[in-house]
């Protein structure tokens, strides 16, 4: 798609400065952009590139003064960064709307009900009694097991696997390779030292406006549901065990893991590679630092923890600081011992 | 499928109490179940739900006394939890037996030998000289490289990838997205600072009754085999490097990683996100705490370790406890220093 | 394929000893090898197997003396290990060259440009305007989004997913299940507590001679490119966030994670399960220990760190050592306190 500076100005309520017919067909960073690209300048640190960039059109703050002549067309707006993000979002929406239709070969069970304006990529698999809403993009090699339900405006990237009976709300995006609804890890120890599988007959329920990264694993509940609530955002390679409940608008960074039956509150922030043991309650707004190992429930709203085992953030940092000076501490102790020895020979 | 209370009683050697013709078609937790669902009561904590649940049929301990009238049909057994699990297992077996046949399009090399009563899902790929046993379920989008051998009663969930020459025993389950037999991470440093790949020509051997979670990666051996022994259970997102040997009935929680050539004994328990460096020996029955970093072999059977670097569990816990009080320890040290200064001015 | 001892000797400039017509068709470890297999002896520790092995042909050092009669044919070379690795590499090259052609069904957009001598496996998906070089192996169930470019001699193992606009150089290998180009994890907090997605319109650029393990996730840049530079080697289950830049010949072990916009220098070594926070600079040749949590840039070339938070390796080890003896340290402190109490009652 190609846009003129004038069209862009119209989309973001801006004012052109320079040639309004300059056209762009994609995006670039101001320091790297070439002719035919659209860039933006929001951070004053990058002002120098304004005079050297190859970008044909630049979105810029109303208040930005020019100290040298420039060849690009400017589109001036109150807030260049927000305007640029808005434009990108619109652009991606337009692109996405164009993606519809059914590629062959794909597998669609006769009992599946498919909504309007959907895309089904080649080698996608849609099982028995699946229900798919409107405006859904099912990319190539996706798997939807029997009885899966998918809401409206959902994007399932290539190779996503959703096991039978799982439920996905509306406006959800799941990235490539993620697995939703694999069996929870439940095995009963037997007297001979072996383990017997505990059947996992629950499902996973993903509510609306959830985004899930690549190669994530979310296990189905033993009974009932593993739940990811509205607006939660999960990064890549995350482990969510059976019967976990992730609260509204909670954000989890990559490679974190939540053990079985733990209930995470709303608007919790969980850092990368953090781990939380099973059967805990994490209060709303809690903040769990990267690589922490949480072994106890967090009861105070907004409580922050760090370390393994994790405890309160500020005092943990103090202990960590002294921990680095342990050789010095030991030296001081030795000196005292020596002085005492001289005092009480 | 629908079952009457009488049929359920027969399957689990129970005695009905109430309407033996009450029917159920699926399962629910006693606190959430609705009409048409089967629930169970084992934990006395949940007794109150017995009188309010919508479940049509409830499996219950023989000894459970009723303190209020109830509307559900009861099936009384000596141990409600075990009976319920038995029932679930039978139910899943019946369901699984119904899944047979070959969906199209799927790719089956002419030289592949396929057993009886198997299921091959659409877009599954079966390479040259593959041998598949009886009662095997190969779900959609699975890949079996050349010369792969699969035993009886194996379930390969959607998108599992098994590289050439790997061997899977009988009664094995592998969940979606897991990769078996990728190249081990072997690169020889060159004098110019680059690395040269060391060919990885071994394979992976998975013995019987193994279960592997979703998005796991198990590398093939440089030479010989990476081995997962009978009855081992692996959770999701686990890394098993080349030439590792995992003992019988060893259990590994999610996101743990085992480095190259390490030999893990039988009935070892490895916690989530734990890491074990290469070329170690871990004794039978050892217990490795979550997030531990094991840098030395564990020689004593049943030895328990925690921390990074990991050491003996009880003394590590003691050190951790003091570690949290380091600010206090330092304060005491300062006071002593002050007192000594006053004594020896 | 079958080779005689004489042919092997020719391939690796060796000298046969024994029957030059002895033939082998695959490889084995000297301690396990059976008739028809080729083994090697480099490590003197394994000499005893020389006299008991079933291997038909053994590659052996020129200088190795025999203390018993042996039945295998020997091929003597200056360095048995290197000769064996060379042979394996040649063998794999020959095998790989034989893999060409297009399996059906596969999906190739009409606008895709495909090089010579390529292999496309069944259920592979090649989107619009994709450009693929010569001698490329695209295994079954691979996905290449629109406008993806792939150089020469690339191997994409089963199920690799490469999103639109990403670029892969020449001589690159990517293992099964890895995802290249998923959206970066960027969400702007809104005043109502929810998050709004920041569009991720950059791409991933993988340069030449890179190897990437199984089930890795590499996110596309918000703008510009996430870059993996020439010769870098990534193990399995690694997370690379948006706008990260990995330097030449840097080696990253399994389950490590690099947060957004961090720039890793050349020839850096990153241990397994290590984590690096965002927006850092890691100097060339730095060494980051397994499970470390790096929270600050590493400025000195070759700097080594360990721990969470990570600091300088040697002093961190010293602190860790004392940390284990904290109970003893506290006991000594108590004794001093007691002595002081007696001195100043």
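Should a chain be cited, it is by its letter among A, B and C, assigned in written order, with residues numbered from 1 in that chain.
Keep in mind that, in the parts below, contacts are C-beta pairs under 8 Å (C-beta built on N, C-alpha and C of every residue); 3 or more make two chains touch, one makes a residue touch a chain.
Here the structure is a predicted model, which means the values were calculated and not measured.
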Query raised in the report: When the CA atoms of subunit A are placed over those of subunit C, what is the turn angle between 0 and 180 degrees, to the nearest 5?
Result: 120
Report summary line: For the copies subunit A and subunit B, the interface residues, called same if over half of the numbers are used by both and different if under half, are different
Query - Inter-centroid spacing, subunit B versus subunit A (mean Cα positions, whole Å) - result: 25
Requested in this report: Give me the residues of subunit A that touch two or more other chains.
Outcome: 105, 123, 141, 159, 177, 215, 237, 255, 273, 308, 323, 329, 333, 336, 340, 343
**Report entry** List of subunit A residues in touch with subunit B within their complex
**Finding:** 105, 107, 123, 125, 141, 143, 145, 159, 161, 163, 177-179, 182-183, 185, 187-188, 193-195, 197-199, 201, 215-217, 219, 223-224, 237, 239, 241, 255, 257, 259, 273, 275, 277, 293, 308-309, 311, 315-316, 318-319, 322-323, 329, 332-333, 336, 339-340, 343
**Report entry** Interfacial residue positions of subunit B with respect to subunit A in the complex
**Finding:** 27-29, 32, 85, 88-89, 91-92, 103, 105, 121-123, 139-141, 157-159, 173, 175-177, 209, 211, 213-215, 231, 233, 235-237, 248-249, 251, 253-255, 266-267, 272-273, 290-291, 307-308, 320, 323-327, 329-330, 333, 336-337, 340, 343-344
